[in-house]
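Going in written order, the chains are labelled A, B, C, D and E, and every chain counts its residues from 1.
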Amino acid sequence: MIRQFGPADILFIIEAVRWTLLLSVIAFVGGAVGGLIVALARSSDSIALRRISAVFIRIFQGTPLLMQLFLFYFGLAVLNLPINPLLAAAVALTFHASAYLGEIWRGSIQAVPTGQLEAATALSLSYRDRMQSVILPQAARIGVAPTVGFLVQLIKGTSLTSIIGFTELTRAGQIVNNATFDPFVVFGLVAVIYFLICWPLSLYARRLEARMRRAFTR
Amino acid sequence: MYHFNFTPVFDNFYLLLYGAWLTVRLSFVAMILGLVVSVLGAVARTSRYKILRGLVGAYVEIIRNTPFLIQIFFLFFGLPAVGIALNPNVAALVALVINVGAYGTEITRAGIESVPHGQVEAGRALGLEPVQIFRYVVLKPALRNVYPAMTSQFIYLMLTSSVVSTISANDLASAGADLNAKTFASFEIYLVITAMYLVLSLLFSGLFRLVQHTLFNYPASR
Amino acid sequence: MTMAQSKQLAVEMRGVSKFFGAFQALKAIDLTVETGERIVICGPSGSGKSTLIRTINQLETIQSGTITVDGIELTAGGDNVGKVRREVGMVFQQFNLFPHLTVLQNCMLAPLKTGRANKSSAEATARKYLERVKIPEQADKFPAQLSGGQQQRVAIARALCMEPRIMLFDEPTSALDPEMVKEVLDTMIDLAREGMTMLCVTHEMEFARAVADRVIFMEAGAIIEQGAPEEFFGNPRSERLRNFLGQIA
Amino acid sequence: MTMAQSKQLAVEMRGVSKFFGAFQALKAIDLTVETGERIVICGPSGSGKSTLIRTINQLETIQSGTITVDGIELTAGGDNVGKVRREVGMVFQQFNLFPHLTVLQNCMLAPLKTGRANKSSAEATARKYLERVKIPEQADKFPAQLSGGQQQRVAIARALCMEPRIMLFDEPTSALDPEMVKEVLDTMIDLAREGMTMLCVTHEMEFARAVADRVIFMEAGAIIEQGAPEEFFGNPRSERLRNFLGQIA
Amino acid sequence: TTLKQIEANGVLKVGMLVDFPPFGTMSATGAPEGYDADTAKALAKYLGTKIQIVPVTGPNRIPYLLSGQVDVLVASLGITPARAERVDFSNPYAGIEIMVYGKKDEDVKDGAGLAGKTIGVVRASTQDAGVTKVAPASATIRRFDDDAAAVQALLSGQVPLIGVSNVIAAQINKAAPGRFDEKFSLSSQVQGVAVVPGSDALLAKINAFVADAMKDGTMDKISEQWLGTKVPDFVRTGTAKAALK
């Protein structure tokens, strides 16, 4: 039954990339929405909102993504909610990304000088307008580099969805390896593919970061 | 309807506790060694020698852009081919150190670059050697400046270590998996383990705060 | 004081106290400012000058006392805070222009978002006030491309675009290089001459002499002395004020 | 100039040129400083004053010429740079105290690590010089807990703890608030009176008048004029120096 | 899920391993295949439903079943008393022999011979249970997540011995002829289709299917295709009850 590692296997692994990418996109989009809410709650005036969001962040940054995926998948089923793996992965990754992005963006929001908020307040802008027109555009500039950096982490993190049955890149590698017993070629290929996806993003993040530094030390 | 049954979990709780202790020990040693690697890496990354900078740069990029799972696979199954068969627990430790060292190198480098150049010049003007300047003038303020980034990387390291069970290394996650194999009370077990990881990360956060108070307890210059 | 009278007043503060934690930054301040009056506030660092004027548009909330601005009682709740902020313009030491918006956009933002003007009328107003502060040609630049003096004049124009009835200035020239102080002071003097009600924290005594109706000296959260400029500078009553004037001369 | 003579000299610079890329910051400077001499260097911004004194302890390397400090030729290689740095103390505009060390630790670090003293003698020396700069009671504070003037005095004490034969000062008072300038200048005057060889970049002309043996005026990387203070200030020969003195007065 | 519901849905959701060749694997085109896959397809055909194969892993296959993610497991699940406490088993549809296998020069003949040795197994597998039972305290048992990891550990020299099935052992022998041999047999083990406890109607139907398929040669065909032999007698005549004795 051992078969030679062949073109079909390469194709199988490469095709699995779409799951890696799809899950990353879902997690990022979900995390962006959730992260914005968390960041706003974290930097709001309401003590209750700040506390709740802090606990949320604590939990999701304080436990392994592996465990989160597992609990969401089996847990929702335990609660008699019929769910499919894609939905479970989407929910778990979204929560995970929300916690991290929320924390990154809270930092960005707080890095905007307080004078900006005061000026906007003195101009009698509403909370919504202050955030939308004054604070968030500036925070976005500060936060874009660490956000791209986190995206890399998220892409790598989707490898853990294999535990709930996703045949994404890492899992595809394991499956092919089980049939071919050729771990170096198989995992080497998998590593190279991850690198090709992640490295450009890392470089981009570093460029953005350097640009930010220049903008501030001008 | 699922029937919750925590009895098997708590009957075997000592196994999980032992696993948690292994995770703490593994992460803690990896943090210390990772810090050493980070500092050395950062020095190399800011050194005059282009080759050294390039090598460390490649190390950092490769590690940061591939999943930990793949790295640990290579280390455990790959090294025996060149005659180095690491015991799974050692392999897990080495993999974690290599991994956190890559992130830590970047963080520490940013810290070193955040120390004003005037500090180095003052050291030079006082007749200190470059190594002394690094050790006594630059290092502490550099680490202080990036301490929050470093500690959250350490927490992340502790959470990532849950993956080492794949190479049969022993930790909290593998203790849970073994218990799962015996009792099949999966949901209960993972719930408890997740809570235990949360407690561990809170404990580590507390430890880091304590370290900050004792080690970096000087007022920031304006 | 009857209701009818207080309507004439631009600002009326009664027993205003402000605490930061246990520290009392304002100690039962009483202050009335008439419509059209120009007030200069001075005093040593930390005496509460900024805190005082920031309570007027509620950038700082107060713990006791009442503040009435243009007949609107701030502490009465409702949307009074919002109403007052629309009547009161503020200029900061650090300019606080929005760096991601052009000069024109900085000036148009608040009128547009508060529903005060539509796009074309907001732009017309913005250009009018940029003209008034003498930098109409900078409308499409970003703040970072302007000198400090120009930025501060944009900040003044931005506040004016809300057509406020009262203007607050918090050390508007102290972050400026010496050669730019004059251009900003000139703008402020123009404004004062046109009859704007102004409260201005500044140590520019020439400005005080030129336009102030009244100069107020604060120390340790209290108003120690106040009077018309000639009297204030020529004949300071308290020892502390004499010392202070000696230092800043 | 014979060998025997140059031994008497604290600093001897011959044809020293310094380039930053293509830009020449020092243009074939010749300068001799006798032991015990007090020199003040002034000149417009960018004229090369800092660069000049920084070449003396090799914070800046030079491209041509020779520098001899206390008989040790700097450009000759070997451990000469280290030797010279141990003979030369330096005080910076920005203090550059080590923020993570207490005042005492700041003063003890270099003597301990260069093997000049053991722990107890280093501490004794440190306390002696902290006494000399009049802040013995601050020994256990961190730099950030001190005022600017106090920090600069600690910086002076720190340099003195290496018991240098020559002290370099690069605008030691220009980052200070006005009320703190005097305390630092007083410390420097004391030091000068005790006979320390000093090279001091400063625009404090009173200091120059009080203690300088010679004042040097630089412009565009060259020494344009030099002389004793009375002559230098009273009777400036060049047009440029006259202009410069007019500006800073 | 009850039999009625499955019939009403028209789809049988089957949990299957895809990293356990030749029982469950992925073809080069990404479709599940193997002994289990063919058995599952035959079962679905027998029930008159469509089939949906859900890939599961060794450690999580039982939770999959119990949480309702799948209707049945055809996942090379050996019939053991511990598992029978959580799930109900059909009569066996396949069987394997579990053995300790390792380097030629390792001199091990029985459980006691494992003293002081390191042995790799797949976590939560029958081998795990078997080795754990016979190995003395001084033996080190290393538990891996799947067969590939355990086999890889053997091939790379990380462990000198592993607990495996005869099927995997045959594959290793093909990959590395002459390096390894069988040390001793742990047990023969039969595998059953697993259902949620109490699904009696479903279980009865599955048992009927197994009996039919054994008789009409369906299972023999599957076995010949994937294992190269007919269904052995200990499977053909075995029952779930007997296996749990």
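The working rule: a residue touches a chain if its C-beta (ideal position, glycine included) is under 8 Å from a C-beta of that chain, and two chains touch if they have at least 3 such contacts.
Chain identities (UniProt): A = Amino acid ABC transporter permease; B = ABC transporter permease; C, D = ABC transporter.
Because the structure is a prediction, the values reported are computed rather than measured.
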Number of hops, chain B (ABC transporter permease) to chain D (ABC transporter), where each hop joins two touching chains = 1
Without chain A present, chains still joined through touching come out as B, D, E | C
When the Cα trace of chain C (ABC transporter) is superposed on that of chain D (ABC transporter), what is the rotation angle, expressed as a multiple of 5 degrees?
-> 170
So which chain is the furthest away from chain B (ABC transporter permease), centre to centre on CA atoms?
-> C
Computed over C-alpha atoms, the centroid farthest from that of chain A is that of chain D
Of all chain pairs, the one with the highest number of C-beta contacts is A-B
The distance between the C-alpha centres of chain D (ABC transporter) and chain E, rounded to whole Å, is 83
Whole-Å distance, chain C (ABC transporter) centre to chain E centre, using C-alpha means?
-> 81
Separation of chain A from chain C (ABC transporter), taking each centre as the mean of its C-alpha atoms, in whole Å = 45
Could you put a whole-Å number on the gap between the CA centroids of chain A and chain B (ABC transporter permease)?
-> 20
Hey, what residues on chain A touch two or more of the other chains?
-> 74, 77-78, 183
Residues of chain B (ABC transporter permease) whose C-beta touches two or more other chains | 2, 77-78, 81, 186-187
Between which chains does touch occur?
-> A-B, A-C, A-E, B-D, B-E
Across the complex, what residues on chain D (ABC transporter) touch chain B (ABC transporter permease)?
-> 57, 59, 82, 85-86, 88-90, 92, 94, 96-101, 109-110, 113-114, 142-145, 158-159, 162
Provide the residue numbers of chain A that touch chain B (ABC transporter permease) in the complex, in ascending order.
-> 58-59, 61-68, 70-71, 74-75, 77-78, 80, 152, 156, 159-160, 170, 173, 183-184, 187, 190-191, 194-195, 198-199, 202
Could you pull out which chain E residues touch chain B (ABC transporter permease) in their complex?
-> 59-60, 62-63, 66-67, 82-83, 85-86, 120, 123-124, 128, 142-145, 149, 152-153, 156-158
Contacts from chain B (ABC transporter permease) onto chain E in the complex sit at residues 2, 76-78, 80-81, 85, 88, 165-168, 174, 177-178, 180-182, 184, 186-187
Could you please specify the touching residues of chain B (ABC transporter permease) with respect to chain A in the complex?
-> 1-2, 4, 61-62, 64-70, 73-74, 77-78, 81, 152, 155, 159-160, 162-163, 173, 186-187, 190-191, 193-194, 197-198, 201-202
